[in-house]
Amino acid sequence: QENTDSLTYIMVSHAPDSDSWWNTIKNGIALGGKQMGVTVEYRNPPTGDLADMARIIEQAAASQPDGIITTLADFDVLAGPIRNAVDQGIDVIIINSGTAEQARDVGALMFVGQPEYDAGFAAGVRAKGDGVGSFVCVNHVISNTVVAERCRGFADGLGIELGDSMIDTGQDPAEIKNRVIAYLTANPETDAILTLGPTSADPTILAVQEMGIAGDIYFGTFDLGDEIVKGIKEGIIQWGIDQQPFLQAYLPVVILSNYDRYGVLPGNNINSGPGFVTADALEKVEKYAGEYR
Amino acid sequence: MTDTSTNDERVKEMSGLRRALIRPELGGIVGTIAVFTFFLLFAFDSGMFSPQGVLNWTTVSAQFMIIAVGACLLMIAGEFDLSVGSMIGFAGMMVAIFGVVLAWPMWLAILVTFAICIAFGALNGYIVVKTGLPSFIVTLATLFILRGFTIFIPQTVESKTIIGGIREAAEGDWLGALFGAKIGGPFFQWLGDNGWIGVFTRGNREGQPVVDGIPMLIVWAVVLVVIGHIVLTRTRFGNWIFAAGGDAQAARYAGVPVDRVKILMFMFTAFCATVFAVCQVMEFGSAGADRGILKEFEAIIAVVIGGALLTGGYGSVIGAALGALIFGVVQQGLFFANVESSLFRVFLGVILLLAVILNTYIRRLITGER
Amino acid sequence: MQPIIQMTDIQKHFGSVIALAGVTIDFFPGECHCLLGDNGAGKSTFIKTMSGVHKPTHGEIKFEGKPMHFEDPRDSIAAGIATVYQDLAMIPLMSVSRNFFMGNEPIKKIAGIPFFDHDHANEVTMREMRAMGINLRGPDQAVGTLSGGERQTVAIARAVHFGAKVLILDEPTSALGVRQTANVLATVDKVRKQGISVVFITHNVRHAMAVGDRFTVLNRGKTFGTAKKGEITPEELQDMMAGGQELAVLEGSLGGTV
Amino acid sequence: MQPIIQMTDIQKHFGSVIALAGVTIDFFPGECHCLLGDNGAGKSTFIKTMSGVHKPTHGEIKFEGKPMHFEDPRDSIAAGIATVYQDLAMIPLMSVSRNFFMGNEPIKKIAGIPFFDHDHANEVTMREMRAMGINLRGPDQAVGTLSGGERQTVAIARAVHFGAKVLILDEPTSALGVRQTANVLATVDKVRKQGISVVFITHNVRHAMAVGDRFTVLNRGKTFGTAKKGEITPEELQDMMAGGQELAVLEGSLGGTV
Amino acid sequence: MTDTSTNDERVKEMSGLRRALIRPELGGIVGTIAVFTFFLLFAFDSGMFSPQGVLNWTTVSAQFMIIAVGACLLMIAGEFDLSVGSMIGFAGMMVAIFGVVLAWPMWLAILVTFAICIAFGALNGYIVVKTGLPSFIVTLATLFILRGFTIFIPQTVESKTIIGGIREAAEGDWLGALFGAKIGGPFFQWLGDNGWIGVFTRGNREGQPVVDGIPMLIVWAVVLVVIGHIVLTRTRFGNWIFAAGGDAQAARYAGVPVDRVKILMFMFTAFCATVFAVCQVMEFGSAGADRGILKEFEAIIAVVIGGALLTGGYGSVIGAALGALIFGVVQQGLFFANVESSLFRVFLGVILLLAVILNTYIRRLITGER
C-alpha cells in the first residue's frame, strides 16, 4: 500500500450555503475525519445550482483526493463528472440522494442514504394507512429539484395526483406560516401536512398552533431539528422522517479510510433511512437535533 | 408688468379633483383599491376576510412595511441597499448568539445587535459616500460578506446553522416583549366571548378567540410608517433627504450635509432590518442562516410599487406602505384564492410592471418631467 | 476699509491639470467685483475655492481678517457667503419653494418639535420670484418644469435672499432674456448698495461695465490684471478678456465690443 | 428664392403646458435668421420641432417645398439639418473625437467589414477645433474634462462640420468667452455666405445685430414680430425681446441695450 | 494665436508608461496578475495547475465570460438585466420541453428556444425604452416571470422540476454538437499517449487522456469576447453603444438610434444567456428549475470587476472577460486552497469592493471625471 497516513476525502453536496440541514452532514464528516485521522473537506455550490455542483466535482477530481463523497442529486448532470473521477482512480461513495442502481451505474463503491422519491413514497404509504386522503406539501425551496421529489413520492404513495397541493412558500418563516394558514383556511378539507425540512416545519408548527388545529391535523415532516423534535414530543407532529444525515456523512469517511488502509469494504449499500421518528424514544434525538441528528 | 396673476394663458386648465388626486401615493391607492376589489370578488368566501384571515395578510404586509420604510427613505435619498436580506439573517443570528449561546440577558443581546447592525449600515454608507461608488455594488459586497458571517459564525461556535431557544431565553424580558409580544389580548378575548369573532371549537386552544392579539410587529410597522412619513414631508431633514437624492451635487452646493444624510439613511435601513429580524426571532424562537434571503428585493419592490423613483429624489413613505400592503395582500391572497403557487412569481412580476408603469405616468403628471 | 475676503496666492490642481496657478484678490463690502476671463481661465474654480466646494491646493483665504478653512459649502453659507453656481444647484423633481429653502429650511415649532414651515416658505418664494420678474404657476411647481432662464432666476433669487455678507454670481445672466437680465443687474446694484460684497462673473463686457466697481481678468489660471471703474474703456477690457489675443474680424454692427 | 424650411402654424403642448401657440416662420438659404425672445417664449421648443426632437401638436413643416415628418433627430440630420442644442449633446465620458463624430462615424472598410476610422476622426476633430480657437490636449481627451465653454465649442464645431443645408444654433454663445464668441459669430457669417441657412437663437441684441439678416421675436409661444436687418434699431429690437414690458432701470454705462 | 502646439503649461507631465498603462482594462489586468500570483503561491500543488485543474477553472471562467460579454455591452449601453439567471433556467427548460417532451429534432428545439429567448430580451428592451422605466425594475419583473414559468411549465407537463434525457435526444444533432461537443480530441489523445497529460487508469475509458478536448463552451466564450471587443471599439455601432449609455438624450440629439441600440443589447444579452443555457444542457443532459439562480449577479460582478461603470457609458469587453476569469479562478481556487466554504462569500464581497475601488481610481485618471 502507498502512504495511507495522509488521506484526503472531499465531500460535495448539492445544498446552497445556508441550508441548515446540511450542517449535520458537515459535522458528521468532521467527526469521521477526526476519528479516522484523515483530512476531510466540504464543498457545495453557493446558490444550489446543480450545474455548478458538477464543476465542483470536476474540481475535486482535479485536486486528486483519495476519495470523493457526493450526492447524486441529478443523475444526468452529475454522472459524467463522477464517472470521470472514478476512472481516474478516485473512490467515490454516493450519499443522500440518487438510487443504489444509479450509484452502481456511475461506478461508485456504494450508496449510503435514502432516495428522496422512495422516502416520500414510503411516507405516503404510511400516511395512507393512517387514513389520509389529501395533503399539502410545504416546499420552501421550490427551485431545488431534489427536494420536490419527496412531495411527488408522497403523492404517489397516497395514490393521488400531486396537482397543486405543493405550495411554494419561500424561505421567510412569517411568510411560510401565513401561507400555510392561508392555504389551510382556503382548503379546510386538507387531511395532512408534509413539510420538507426544519425551515418549513418550524413555522408550520406555529401555524397549526395558531389555527388551533395542532394535534388534530395529520402532520409529517422530513428531517429533524430542535422544534420538530419538540413538536413530535408534544404530539403536534406524527412523525419525522429521519434519514440520519450523520450516518450519510460519517460512514463514508470511515468506510473510505478503512478501504484505503486495509482494503475492507461492506458488501452492501447502506440505507441510512427512512427512519420514522415518532414520539417514542426521543431523548437522544432531542439532545443532538440539528447537530448530529 | 402685466401678468402678476397666476393665471396664465399658456397653461390649460386642470380640474381641482384631478389636481387633488395627482400625488405620489396615487399609484399605491389605486393599486390597493384594485387589489382589494379583486380579492373581494374572487376570494371572499375563502376566509381571507375573516378576522384570522385579515390578521394573516396584515402580518405579512407589516413585515414588508418595516423594511420598506427604510428602503423607501434610503431610495429617496438616492441610494439603495441590497444587504437588507443578509442583515436580517445576520441580526437574528447575533441575537441568538448573544442571548442563547453566550446567555446574556435578552435586552442586552438585542441592544448590542442593534448597535452592531447600525454600525454595519453606517459602514455601508461611509464607503458609498467616501468612494463615490454606486450603492448597488457596495451593498452587494456587504450582502455576501454578512451572509458569509451568518453561516460561518454559528457553525464555528455551535456547529449548527439554526439556533433555537430564543423564546425561552427572552421569557419575561422587557425589551424582548417590545418585539415579540401581542397587544390587545383581553379585548380580543372579550370580542370572542361575545361571539363577534370566532373562537376555537376544538384542539388545545378551545374557547380562545381565533385572533388573540395584535403582534408588536404590526405596531412597529405602523409607528415606523408614521414617523417616516412625518420626517420626510414635514421636517427640514425630510427636505434634505429629497435634495440628497434629487441631485447630490446641487444639494451639497446649497449647503445640505449630503454625506451625513445618506449615511444616516443607511443606518436607518439597517435599523429597520434589525427590527424585522428581532421581531422574527422573538416570534419564531430561532435564528437561521437562511433568514431574510431575497428580502432586499421585496423591500425594493414594495417601495417602487408605492411610487418612489429608483434613482432617488422622489417618493412617499405612505406610498411605500401601500406598496407593502399590496405586495402582502397579493401574496397571501393568491394562496387564499388557490392559485397554483409557482405562478405566484409570474403574478408578482406582472403586478410590479403594471405598478411602475402607472406610477411613472402619475409622476410625469406631477413633476412635468421631460 | 478692511476687505471681507482676502484670497492670497490660491492654487488649485486637479490631478495633472493646473486650474489655478496662484491668484490673489481682495473683495470689499459694498463693492461689485467682476471676474472676467476666457473660457477655462479658472474663474469658476476660483470662486468654488471661496465657497468651500474645492479646497485650494495652496494659498490662504481670510474672511473678515481671520484665516478660514471651508470644508464644505455649508461652512461658507454659515459664514454668510451665498453662491449661484454656473452649473446651477437645483433639484428638478423638487418644488420651487423646497428648492428655494434647500439647506435653509424655515422652522416652526409644534409641541417643541421643529417642523418645516411650508406656508412661510411658499409665501417668501412667490414674493421673491415676483420681484425678479417671474410669475410662477405656484410654489409647488417642480423646478424641472421651468425653462432654463426661469431656473437661473430661482437660483439668483435664492442667493440674494440668503446672501448675508457676500454674494457670488457665476455667469448668472448667461441664459437669461433681456428683461430678466435687466432685473438681475438691477438686483446686483441694489444688493451692493446694502453693503454686501458682490462677486460677478461674466463674459459680457457691457454687463460688467454696467455694475462692476472693479474688474479682475484671469487668464490661464493667473491674474492678468485689475482695473477700477472709470480707469478702463470697454474696448480695453475686452482686449484683456481675450487674453491679449486678436479677435476674429466681424462684419456688421459689432462696434468694438462683443 | 424658395425657402428651405417653411414652418406653418406650429403648435406644441406638453400635457397642460402650451409651449407654442401657433408660430409661422420661413427660413431661406444663405440667410441668418435670428430667433429672439424672453425666457420661456418657446424658442428652444420651436427649433426642436424643426430638428425632429418634438413632434408638433399641430402645424406643418415643409422642407425644400415638400411636407416633412421628422420622427427622430436622425431624420433631420439625414435631411441636412445640424443643431446645437441649448442643453448641449455631449457624452462626458467619451473622447472629443468620438463625440465629434457621434452619429456620423467615418467608416473604413477592411475586408469588406466597416470599421470606425479613428485616425480620420482624430485628425478632423483636431483641425476643426483649432479653427474655432480651442487647442485640445489630444483628440482622445474625454469631453467631461473640458470647461463649459470648450464643450460648447465642440458642439458648434461639430454642427458646422456636418451642417449640410441648415444650421440651428440655440444660444451657442451663452457660455463662451469673448474670443470664442467672436469666432462663433465669424463662423456663422462664413457659413451663411456658403449658402447655408442659419437659425440663430440668442438673448444678446448685439450678437443678433452682428450676424442676423432677419429677426423674429417670439413671445409667450406666439410670433411677436419680424424685422429685416437695417429696418430696426438695437433699441427697438430689445424692446420687442422684452415682450413690450418695461425694463428695470439701471445706473451705469448700459447705453440703451443690455 | 500663440498656443497652437499641444504643449500646455497648465498640464503637468505624465510619463509615457503611465499613460500606456492607464486603460479601462488595467484593473482587470492587475487583478488577474494578483489572483494568479496568489494561487501559484498558495495552491500550486493542489492540482489547480494540472491540465485537469486548468480546464476546470477555465470552463467555469468561460461560463462567466459568456454571460459577462452580454452584460458588459448592455451595461455600457446604460442598462442592465437582472433576468439573465432566470433566462438561463428558462432557456434550458425550453430546450428540454421541445427536444425531449415534445421530441422535436434537437436543432429545431434549440433554434426555437433562441427565438423565444431573444424575443423576451427584445421585450425587456422594448418596455425599458418605451416606458423609460429603469431596467432594474423591468428586468426584476422578468426575473420573477421567467423563473415562475420555469417552475410551472415542467411541473404542469411532467410533474417534476427537472427534465433529463437531453443528451440522448441530441445525439448526432449538428446544432447540438455546436454547443455540446469538445474539440481538439486527437491532440489531447496524442498528449496523453506521450504521457504529457494524465490518462484514465481504469473503467471503460482506460488509456484515454483525462482532458479529452476543449469544450465548445470555451470556444463560444472566446468567440463572443473577440466579437464583442471588436464591435465595441472598432465599429460605428460600438460608438453608439458608448453614446447610448453615456447620455441617451445627448446621443439621440446627435442622431444615434438609441432605442434600437438598447433593444439590440438586451437581445444580445438574452442571446448570451441562451448560449450559456444550451451549452449547459448539452453538457449535462438535463434542465432544472434551479439552473442559473443568481447568475445575473455573477455576470454583473464580473463586468464591474472588469472596470465597467454601472451607470453606463464606460467599460471594456476585454475587462469584463478578465473579470470573469478572476471570478472563476477565485471561486474554483478557493476550493483548491480548501478555504472554509461559508467564507467564500466573504472573500467574494471583499474582492468585489477592492476591485471597484481600484477601477474607480483608474477611471478617474482616464476620464478626468469630477
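Lettered A, B, C, D and E in written order, each chain numbered from 1.
By our rule, a residue touches a chain if its C-beta (ideal position, glycine included) is under 8 Å from a C-beta of that chain, and two chains touch if they have at least 3 such contacts.
The UniProt protein names, listed by chain, are B, E = Xylose transport system permease protein XylH; C, D = Sugar ABC transporter ATP-binding protein.
Just so it is clear, the structure is predicted and the values come from calculations on it, not from any experiment.
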{"item": "Joint neighbours of chain D and chain B, given as chain labels", "value": "C, E"}
{"item": "Minimum number of chain-to-chain contact steps, chain A to chain D", "value": "2"}
{"item": "More contacts between chains, D-E or A-B", "value": "A-B"}
{"item": "Chain whose Cα centroid lies at the greatest distance from that of chain D", "value": "A"}
{"item": "Chain separated most widely from chain E, comparing mean CA positions", "value": "C"}
{"item": "Between chain E and chain A, distance of the C-alpha-averaged centres to the nearest whole Å", "value": "33"}
{"item": "Rounded Å distance between chain D and chain E, as computed from the means of their C-alpha atoms", "value": "44"}
{"item": "Where chain C and chain E are represented by their mean Cα positions, the distance between them in whole Å", "value": "50"}
{"item": "Per-residue multi-chain contacts in chain C, two or more chains", "value": "17, 87, 133, 145, 245"}
{"item": "Chain A: positions in contact with at least two other chains", "value": "17, 142, 166, 168"}
{"item": "Multi-chain contact sites of chain B, meaning residues that touch two or more partners", "value": "1, 11, 147, 151, 155, 340, 342, 344-345, 368, 370"}
{"item": "Touching residues (chain side chain D, partner chain C) in the complex", "value": "17, 37-41, 44, 86-87, 133, 145-150, 153, 171, 174-183, 185-186, 189, 203-207, 209-211, 234, 238, 241-243, 245, 247-254, 257-258"}
{"item": "Complex contact set, residues of chain E against chain B", "value": "127, 131-134, 136-138, 140-145, 147-149, 151-152, 155, 297, 300-301, 304, 310-311, 340, 342-350, 352-353, 356-357, 360"}
{"item": "Of chain B, residues touching chain C in the complex", "value": "1, 3-6, 8, 11, 234-236, 238-240, 242-243, 246-247, 249-257, 309, 313-314, 366-370"}
{"item": "Sites on chain A touched by chain E in the complex", "value": "17, 41-44, 46-51, 54-56, 58-64, 74-77, 80, 83-84, 86-89, 107, 142-145, 148-149, 152, 162, 166, 168"}
{"item": "Chain E residues within the chain A interface of the complex", "value": "46-48, 50, 52-53, 55-57, 59-60, 89, 147, 151, 155, 159-162, 164-167, 198, 200-206, 210, 280, 283-286, 288-295, 332, 335-336, 338, 341-342, 344-345"}
